[in-house]
């Protein structure tokens, strides 16, 4: 299961070198995953007694994006661990790979924020690992 | 009474034309006023039963700021109205004026967010209008 | 002539009070106008020997936007002066007015950045003042 | 050799959960390294015929930062490779570790942007690997 998100680069996100400033890629990735999870699990995740805490982010760039570009962002679950799990997001412009990000979250109970494994309904909604 | 704040321009805040992207000026202004108010009134404004809601922002630029520049930001109360009031922030680099902002807030009760005039302690802490 | 732009609020644009942080509105407005002008005038404005410099921004809020909201942004020319001109952008969520911005630009020659009045082709492409 | 940078968290960088939004950490890290390199190597790196291209970023969080916090950011060279090299940045608030980032750059010639190993003067200015 892969979630496709699209974002047009904004003028103010492009730096002096004419390319998207690096921190904005994390914002793009966050917006992709947040949009996906809320569509799949409801506007909050409260009904699943589940929430996520960000643990780690790895971003690797292969080419730049700039003004006028629209990023296609493909997100999928990359790993289901006991309580932690990874989401992979691949970003491309017109089929040209721009970056790959792997984000590690820890799943927690909605209110107490103590670690818990993802409920079956969450795993069903977000999908199995894409091989 | 004037509050002086200083901010070094960050690389990622500079756009393709080599100047600070316009939206960041509002962030600079907000950080200036927020820092001032929390220093003058305590970390939250709860003890004064007072909070602010942003109503209007006017920013006028006279010259650009860019990479390597440090902005001197001078904030002062420009108007005390019944419940609303204005804060003026002047930004300069090495004495060269860069922009002037006037921000209009409405003062509200801390919890209920209903309008109220600024308590005397708040007015004393933030100062009278600078002529 | 009115240009309609749409932007979904991103999680990272929402502040501790649960509303879009004020500086992001200027970024939304800039993206609206930039997208409009590039669609109407070409990817750069070079062929028209015309470019714009930001002079002033006025933003007035009437209600907040938050997570899950999509902003409808309607931009139109509000004033054609000799070299300066105003663009008005109205932002709304599901028909509820959120803010109005008026942005004043100075038109300049593309390369030299000296002031010039807008070429007829530019005025034709962006439209007359909306009454 | 370690470069110390300090950044006060801005109100607009804090999200709905009361913690700094993740993408801003990359902006803090970039500002730390950019400030360090320009102080050590000159306002541009042109005299060294050397520039850097971002290749990879890894950020791992151990605790949150929020409103009122000032981050101490310690940067040091973590690896000198043939043309690529790593910079490590540790962020802490009052001695409490908040995050660790490792940023991989590729060194390039200033004008042509073709890969090159770091000149001796650059390595001397930025220091050897901190064990």
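The first chain written gets the first letter, and so on, giving A, B, C and D; residue counts start at 1 in each chain.
Quick note on the criterion: a contact is a pair of C-beta atoms (placed from the backbone, for glycine too) under 8 Å apart; a residue touches a chain by one contact, two chains touch by 3 or more.
Quick caveat, the model's predicted, so the values are computed rather than measured.
Visitor: Would you indicate which option in A-D, A-B or B-C repeats the interface seen between C-D, with over half of the contact pairs matching by residue number?
Guide: Comparing residue numbers across A-D, A-B or B-C, the repeat of C-D turns out to be A-B.
Visitor: From chain B, which chain is the farthest off, judged by mean CA positions?
Guide: A
Visitor: Counting only Cα atoms for the centres, state how far chain A is from chain D in Å.
Guide: So the centroids are 23 Å from each other.
Visitor: Using mean CA coordinates as chain centres, what's the gap between chain B and chain D in Å?
Guide: Using C-alpha averages as centres, the distance is 29 Å.
Visitor: So, what's the distance in Å between the C-alpha centres of chain B and chain A?
Guide: Roughly 34 Å, centre to centre.
Visitor: Out of chain A, which residues touch more than one other chain, so two or more?
Guide: Only 11-12, 21-23, 27, 30 qualify.
Visitor: What does chain A use to touch chain C in their complex?
Guide: So the residues of chain A in touch with chain C come to 8, 10-12, 27, 30-31, 34-35, 38, 43, 68.
Visitor: Could you pull out which chain A residues touch chain D in their complex?
Guide: Residues in contact with chain D: 21-27, 30, 54-61.
Visitor: List the residues on chain A that touch chain B in their complex, please.
Guide: My answer: residues 11-12, 14-16, 18, 21-23, 67.
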